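Questions regarding the structure given below will be posed in turn.
Chain lettering (A, B, C and D) follows the sequence in which the chains are written, and residue indices restart at 1 in each chain.
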């Protein structure tokens, strides 16, 4: 069986990565769909419509578009019976109030939002096959949630002191649209923090990790690399005898998961280990004397943080082996 | 008046930077002193001796050498009446027990250690002019101490939860000696953590900031840049009405300081702003609702973190204007 | 049918790339073979021997080792009836005199050299299936020969003026062994020429392109990237009406080739287009008024310049589809 | 004596570098002049006018603006008796036909063009003090002309075969205005050629080196660095016994020059050696057997290639020591 898939926004970094992964996928044929508002697009060749999709027998459309574009297009496709995997933030937050607070605009499709499934397979695998609209998780939240949720559920974080998540991302996370912020000369030999306390990805972490806003300090920072996200997470631990306890918690959460790799014996992940892959690597250190713990989690922001995870979700939606096309 | 200065270890990055700064300094004549054990050195041209120094009328020697070499050479020069500014960690910790715990070897010059002055001018300016042996601070501790000490003294940090210092450094911080860790292909497009809980610079932060080990989580991380240190510091705040209170604390501590720049209105420093300078830039954010605060501090690890600060100290030792040769 | 393959030198960049490609290859099982002289190796676990290879039923061994190691190991394996694909320069030059002139040491296996097949499939495809010892081409020569040989054979180069090949390579071309030359801080924000007129790869270009030494100026240069080779080639043209003639020559040479891509209408290749692939991309410009021509050729030095081409050769040796495992 | 200098275009990389150099210059006070058409500018604060300049007693204005803006502004300032140093290409070519051919627009100030002085001090030092309008040379031509002109004049280049100039530049050469071409992700881990045969800097090389268009192949290429230009120049040599003859020609041309450094004994310059300086470094190799020669020339495109040279010219125009503020 072959799935016919379309990509809207194929000129951006997530869309280009999707195209690359799907081109190698043995069960997918891919269409590139021109969207009229996209940079580099030729208006009269607009094909990001349900009509064009039906003509090409497209069964699933990947939206690698900004949230405001995704809101409109998702409605069009879903109402035409075409499945949608949206890589934007449009359908990730369950609550419209939260959405408008952090995205600075009202949500135009609240009904759709209610039906959307948050596509983090390691947590919500059961809901994904039946999804008509899948909200593919953000890059920072994918890493943070995979690292934090098992610990929150196990009750080993001293919430009185909260959690610090010091996050770093390569420049592709800022998108392909040129700006001074991503000019080569502004990024190379530099390192800078942005969106302290105000990053749109914060509520997505809270919603899925079990933490509350008052417990969570998040700083996003730009590193001079093309790809990659690494988050260094700090907390005071409760009820923890040794680092082995942390390993036990993670092993219980992720045994059998194809794309989560746990580091043992104090080794820590780095960006190179996950670059061009769909893996999420997790390592940690615990100092029993002081009760302080550090978790390091790394993903490729275009892999497990975007296109890779989107294909993992597509595999689940169409009954393919979950890792097909992703090794 | 002109000072005659010698540099031992002039082939390393700190030594090269020292040479560059001193070459432009209007009141210094510089000698490069060959040390027999240094890579690239020609044995029979060894000139890192008190005899050779006296012949060249050298009044101050900068040691840009490993701690074990500095311990020996400092003793030689000081006992010959030549002032020493040591850029290694050999004489920074007051306590020999602490030294041997973190450096993994006994201290061979405990008497000298007792006389050494820790050369962070913003804290200990008065002691520097009279120093026979000056211990130039480490790069990570310079940034951390300048950011933390005023806050610790002001009592605005909730010590129950402690302080997180997520530190990042360019590759020159690892020295010029080739190793796989600093191979271009291992660093570019990568980001990695190292020495979690065990970095030698931790006790230097504790000694000068007023924090205790149990209160302080420190992670050193390697970024793909040549230069620069940026530290993102997190804590729960006490007794703080607004970010203006933080600004007030810093202004009280650093008014009149030539090399500490405070960022206002939520702007944050980055590496580019301090690269090739002797500045320490400090910015911060405070969320009154949750009581969480973030401080971002940046220096050039070869500037304020090593050679620049060493020259600032030399200026103080010889009665020159503190910023001479450093703008 | 599955081939059992061994890799000696799997800790270097070519060996690591080989391991990655072969892990995805559907018809190969891979063994990592410890060589006693290799850095990071554990002596008593030496398995780079014909005995160990036979025990593991290994049919082909990839040598990603220095030329002097390859000379010895190739002899051992070939005499035991195991096929060898050597990625070093040990068996690429037909003439032992030429070898010793450029490699600065005598060739210890002249008989083997006579039997070795030079594995550039686009030129010598017929000889590869029967090879017992295959000399995998060098990275610079692969690009230069694919760009130059069709032009030399077509007689469109004014040999009186000769050919300039200005070559640039990423740092992985210098190997993984740490050295000051490949220290991150020496490579980043830098660009440098090396081995002008004296690079070992020159005779390999001459042997296969049809050029003579007096006609060929070659400069190797280090760019601050992990991967990639780009060569800019200049010559005065003869008998050329327009750029279309150049296209015609290349199309005649490479029609049907899976891994050579020709750029049309004045577009030129760059490193990003070939990174992590086995492609060789060729573009060109011709100015009919002055008779000057420029050819730009790009490959991934670890792909078509090393491991990718080695696997392409293995496919041909074992009767697999030539592109298997390489898209 | 202090000069009052204005900078128009101070938000671009050349303008920022000018500002940095002039801030350290002991004889200059600097004004930043807002130009209404500049990005980031606030219209009502426009101060790039002769009136504002006169009020501030400005004696010289540096124009770090695009050629079309420089044409207009230069006319305004010069007619008001204020000296102009223009960093654009507006006034570098003596011939208006040549200008319109390569810049694709007519020259609007042909009379001014006739009076402009081309500010390459090593060739035209005598004309600079009296200049009302100084055309600061382009970055690529500065390097190419300093390397080529002594050789052309000495008659050691076989013009029948011509000269190849393979030029590489860091990304700041493309300006600070954001574009996809200079997006970090498009530049890092990449290397690409552009403007083959058609770069605007070609006629500037021809005009000052003595070469003719048919003799000169020039390719501009983008390297993943912030700064720096390195050009690798190839020719067949005439009348040359050894590399010493090349050295002799260069020494005769540049003895006494503060900013041209000659490399001896086959050493070659690299970008790091000239970064953040006003030096032009020249090295070369000659193979007497084949008659082939290679010259490598390196400058900082923002230093000797733009702002540094502009200050060198200002020093000459105002009778200051030529190297003042430039070491």
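One rule holds in what follows: contacts are C-beta pairs under 8 Å (C-beta built on N, C-alpha and C of every residue); 3 or more make two chains touch, one makes a residue touch a chain.
Only a predicted model underlies this, so the values are computations on that prediction, with no experimental measurement involved.
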| item | value |
| --- | --- |
| Reference chain A; chain at largest CA-centroid distance | D |
| Comparison of C-D and B-C by number of C-beta pairs in contact, larger one | C-D |
| Chain centre separation in whole Å, for chain D relative to chain C (CA means) | 39 |
| Averaged-CA centre spacing for the pair chain C and chain B, given as whole angstrom | 46 |
| Where chain D touches two or more other chains, by residue | 170, 186, 188-189, 224-226 |
| Chain D-facing residues of chain B, complex | 24, 188-189, 276, 327 |
| In the complex with chain D, residue positions of chain A that touch it | 13, 170-172, 176, 178-180, 182-189, 224-226 |
| Contact footprint of chain A on chain B as seen in their complex | 158, 160-162, 164, 166, 168, 170, 186, 188-194, 196-197, 213-214, 217, 219, 221, 223-228, 230, 232, 234, 236, 268, 270-272, 275, 285, 287, 289-292, 294, 296 |
